[in-house]
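First chain written, first letter: the chains are A, B, C and D, and each begins at residue 1.
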Amino acid sequence: MIGVGIIGATGYTGGELARLLVSHPQMELKAMTSRGNAGQPVDAVHTYLKGHVDLDFAPSVDGHDDLDMVFAATPHGVSMEHVPGLLETGVKVVDLSGDYRLQAPDVYEAWYGKAHSDPGNLDKAVYGLPELFRDEIAGADLVANPGCYPTATILALAPLYARGLMTGDAVVDAKSGTSGAGISPGPRTHHPNCGGSVIAYNTGKHRHQPEMEQILHKVGKGGAVLFSPHLVPIVRGILASCYADLAEPMSAEELSSLYKDFYRGERFVQVAGEASIRAVAASNRCQVSPATIGGKKAAVFASIDNLVKGASGQAIQCANIMFGLPESTGLDFPGLGV
Amino acid sequence: MIGVGIIGATGYTGGELARLLVSHPQMELKAMTSRGNAGQPVDAVHTYLKGHVDLDFAPSVDGHDDLDMVFAATPHGVSMEHVPGLLETGVKVVDLSGDYRLQAPDVYEAWYGKAHSDPGNLDKAVYGLPELFRDEIAGADLVANPGCYPTATILALAPLYARGLMTGDAVVDAKSGTSGAGISPGPRTHHPNCGGSVIAYNTGKHRHQPEMEQILHKVGKGGAVLFSPHLVPIVRGILASCYADLAEPMSAEELSSLYKDFYRGERFVQVAGEASIRAVAASNRCQVSPATIGGKKAAVFASIDNLVKGASGQAIQCANIMFGLPESTGLDFPGLGV
Amino acid sequence: MIGVGIIGATGYTGGELARLLVSHPQMELKAMTSRGNAGQPVDAVHTYLKGHVDLDFAPSVDGHDDLDMVFAATPHGVSMEHVPGLLETGVKVVDLSGDYRLQAPDVYEAWYGKAHSDPGNLDKAVYGLPELFRDEIAGADLVANPGCYPTATILALAPLYARGLMTGDAVVDAKSGTSGAGISPGPRTHHPNCGGSVIAYNTGKHRHQPEMEQILHKVGKGGAVLFSPHLVPIVRGILASCYADLAEPMSAEELSSLYKDFYRGERFVQVAGEASIRAVAASNRCQVSPATIGGKKAAVFASIDNLVKGASGQAIQCANIMFGLPESTGLDFPGLGV
Amino acid sequence: MIGVGIIGATGYTGGELARLLVSHPQMELKAMTSRGNAGQPVDAVHTYLKGHVDLDFAPSVDGHDDLDMVFAATPHGVSMEHVPGLLETGVKVVDLSGDYRLQAPDVYEAWYGKAHSDPGNLDKAVYGLPELFRDEIAGADLVANPGCYPTATILALAPLYARGLMTGDAVVDAKSGTSGAGISPGPRTHHPNCGGSVIAYNTGKHRHQPEMEQILHKVGKGGAVLFSPHLVPIVRGILASCYADLAEPMSAEELSSLYKDFYRGERFVQVAGEASIRAVAASNRCQVSPATIGGKKAAVFASIDNLVKGASGQAIQCANIMFGLPESTGLDFPGLGV
């Protein structure tokens, strides 16, 4: 059994990691840390884990010699304080924050508003999107787990960039459930404000925009990514609607074929006709639905559960690869559907 | 025109008062106060009032000689600091907080956790449920506007208490939208926590319980009220499901007739077959649906919009009565239905 | 008083017309027709109209000599059977269906799947978007009330087309509440299917696409409109997110100024910072929020209540103009906000 | 491996059975039948099963010699046509319909509106609530899987009936998500009608009422069950709020202790402080939260996922017992929590 710890485990992604790990046949959850809740039973905070996780929150993983692997579910800016020390102890790390996703420290500073305190490890960090970087992840000690919006967006657009089929920029209009905002209450996710409404926010200013661009430009050729996030009144799930001009006209069938080829053999990516969130809810799947408008514009929709394929499930998928396990170990279940 | 002020106007009931008052043909909104937002335009906080309310938040109504009427939308414990001074200046006051609803200061202290600072005005305060206390409201200078849960519950149960038809206690299982919790974000109304869920809370411990009992015992004869509130993932609306044993068996038709008689001529109470919130959403109406179970138990459902008939609309209804206007002035519109 | 009839009044837009008309000071609802429900009380179907509408559904408006005006809330394909006869009797007509929106009969046939049975009146029909065609509406006997998606989209993009600021095509990613689908239950709006989900549908194939294009190309200069509708789990409201390349770079401030100039004096269009549906819910308002991404792409968001500004409210706004009334008569109330 | 078939597999409970069975280590799904969809791939209907279920719908299980076990997900009235034949072939059957839940044919006829066509098997059928009838289930060939409302209600009230602690009748006010209404669209579950609303329906007339009573009277001593179901705008989940007078006053702590004793060792019942649906969503758990109001009235809340513990999960739990497997095989995962 691989010994696993989660640091910063009081938030949604920390709880979700634990929820998934209790059914993982080859990983054993040894420690969950929290600054604010240290000493409390984990199931007093994450009540749904009662009977499944019999741990108290620890103040840190120091002294836990039984860990092979740590998931950092700490906030942006906090992960980079912990990661260097963790790596030194020889554990492998998957960081769910944004701290190791952007390769250039100045880009990090521009978008996250603080200097990067661990620039030396940026080069070692591998971007944890297995469908594109499986081999690098296999050899990595540090994986930067993708953001939720970038996971859906990159999977939607990668075939177009990889094959160089686009001209001009891509517009990404994404709709996210509220769990993406995290566990801290605030005005935007206050139910009377967001229930029964749709809110456009941070247009062109969201931190996930440079992340999408960096990766898609690594994958292939294409324009900028113009990112327009929206909040919708659901708890779990993202639908990313991506639009780009095709350099050459293609039929919907050609586009669909191209996507099916690109993702052939991928367990967690499914090329489908109609995009909907319920089909992937609570699963590690991404449903990708390519369409065309007027023959010249591609409209590609990708749906994921933001807490699973968009965060904790994908982190476990990466960890499986890092430890040589079958990639879908502990993750191979369908979406809720209803 | 009756000059009107709203104190504590940054919350939901304050904004809702303004929303309704801009269409009131005989009241003119002269001042809205806020401690925290003084100096800011009202429509910067309540953006939906843009083009309708051209006021800045004032720090207080001091110096506003043009007010005939003040609505106190201040929190529990704060209203009673303001009301005595307001009454002394000769304005009429409708207080939307709980400060003047309970007649006994010791009961107030037991449920609200602090001593009442203005016990002298408790006797003067009239409970602002027009369907039951219309005459007293007409002569009042101070009206204690009912809580949202009590409005629905009392309208559902008043005929049974008034006619002495019950035996034993009443159970009130109420379902409320999240706007009832007010404008301040917190864990319970954080969308990821309450969206897609139903939560039972404060069973038997909610401050509205003694208010319901006090009024129903004034209205007639019957047992205690056992109150069990629930949060449901909608923004506006309350459905109160009320259960009580009938002293004598009645058919559903007899019960319905009795309710129709009791509320005959009431503009804002409608005896209906099926209870639903959408039919009354955004209106000042209460839909009351009496049913029986097994002939011996009455099951009476009442639905309201908690911000209108459960708060700001009812406050205006009371103010209309206090100033001798037709009771439905500015309030006589249907619910949204859809 | 202007005598008003509604034909096809059992659906959502018919009920909404009645809901709004009962508060209209200069229109009187004289007749509501229904094929399926003729003879039934209107408030047995639209229960929220109880106490407000005391009519039975009539089989037709034949013999109603007291009508000056008829709203056709009949489905696509049915309106054109009724309109010629209505016009012959001398009443003015606002048609809420799609039958008179597209000027070319062959385009109608291509998108609606049947030949147009009344091509002779297509030329007389004026597109009922008052902010753009106020003068034509004033002189019209037949107004084709815009679709819900086109209302939001055209108001969002009209300034760019009118000023010729765009290059290339516009992408319109719209999110609609479920009431837009009408009163008939079906799989897509079955709550277990759409609740907690977002669904992309009819990408590039929705009938509102040619309507948007026809009007925007009449308004000014710009590319095609590529329309991508989505269903979100709310009842009322549309947010249309519109993206277009700017021919010349503009700052967000310049864009905002341009929009404020364009809509100066418009009672029902409000240029705002952040777009949200709740601010306009249940009102006749459109909130337009222009933004830029990277200086070269305009992102303009428009929100409306699909049943009010997107249907019945706008129809009444047109009727007000047709009868020389102040345009906002009966419609000048704020959105719910919460 | 135990060979398993599902008849009537196009509905929600059929799909949910398949969703759960694909992760079951000792059951293998061999056949899914459908009258209307025979010949179609299962994943064309249940798209979330793509990559997990590689079957076409069969017209019937005739000729499937590899089945040890059949789940009947057929509607009420249809199951009883199939069950006798299935039992004759020697397979074990769990029936998810209401056909074998009520022991007396005349009670069945009174509540289901048709004569029972297989009264001979009513005696053999065991009520499939493992927490109460584990031993009987172990020896059964035919299990009548409980209804969703009865599962929550009986688990909430069983300790009170078993210990004879009540006096008078129990009131059950239950709130259900819309998936409980099944896959066929209809007016009540049409999103514009039920979204943003709460609806009370079938008060005292729901078919689950006699089922609850029959079982609770078998479990112990107490009054009638007065059942009042409500629809809330969520997809999955039931919260049953149950109220009963205590024969002797008890403290909340005493009540909680009693419940913990009663359910000690039960894997799928958890006695908790606060009741909420999200904690059990998508799991086979029931969270039971006992409280008191005024010392004399018990208020017990039970939450389940209506499709899992309220239907398909419980059916698998029963099947595990029938085949001597550990009861939680394939079902031992936490609720979503968020």
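Quick note on the criterion: a contact is a pair of C-beta atoms (placed from the backbone, for glycine too) under 8 Å apart; a residue touches a chain by one contact, two chains touch by 3 or more.
Quick caveat, the model's predicted, so the values are computed rather than measured.
K.L.:
Suppose chain centres are the mean of their C-alpha atoms. Which chain sits farthest from chain D?
P.N.:
The most distant chain relative to chain D turns out to be C.
K.L.:
Could you tell me which pair, B-C or A-B, is linked by more C-beta pairs in contact?
P.N.:
Contact tally favours B-C.
K.L.:
List the centre-to-centre spacing of chain B and chain C in whole Å, with centres computed as mean CA coordinates.
P.N.:
Each chain reduced to its C-alpha mean, chain B and chain C end up 35 Å apart.
K.L.:
Mind checking the centre-to-centre distance between chain A and chain C? Centres are C-alpha means, answer in whole Å.
P.N.:
That pair's centroid distance is 39 Å.
K.L.:
With centres defined as the mean C-alpha position, give me the chain A-chain B separation in Å.
P.N.:
45
K.L.:
Hunt down the residues of chain D that sit against at least two other chains at once, touch-wise.
P.N.:
Touching at least two other chains: 12, 179, 192, 196, 233-236, 274, 278, 338.
K.L.:
Which chain C residues qualify as touching chain B in the complex?
P.N.:
Listed in rising order, the residues of chain C that touch chain B are 12, 15-16, 19, 22-23, 46-52, 179, 196, 235-236, 267, 270, 272, 278-280, 282-283, 307, 332-338.
K.L.:
Over in the complex, which chain A residues touch chain C? Could you list them?
P.N.:
Within the complex, chain A contacts chain C at residues 168-169, 171, 173, 175, 192-193, 196-201, 203-204, 224, 226-228, 230, 232-237, 239, 241, 243, 245, 274-278, 281, 289, 291-294, 297, 299, 301, 303, 338.
K.L.:
Can you check the complex and tell me which residues of chain D touch chain C?
P.N.:
Interface residues on the chain D side: 12, 177-179, 181, 183-187, 189-192, 194-196, 233-235.
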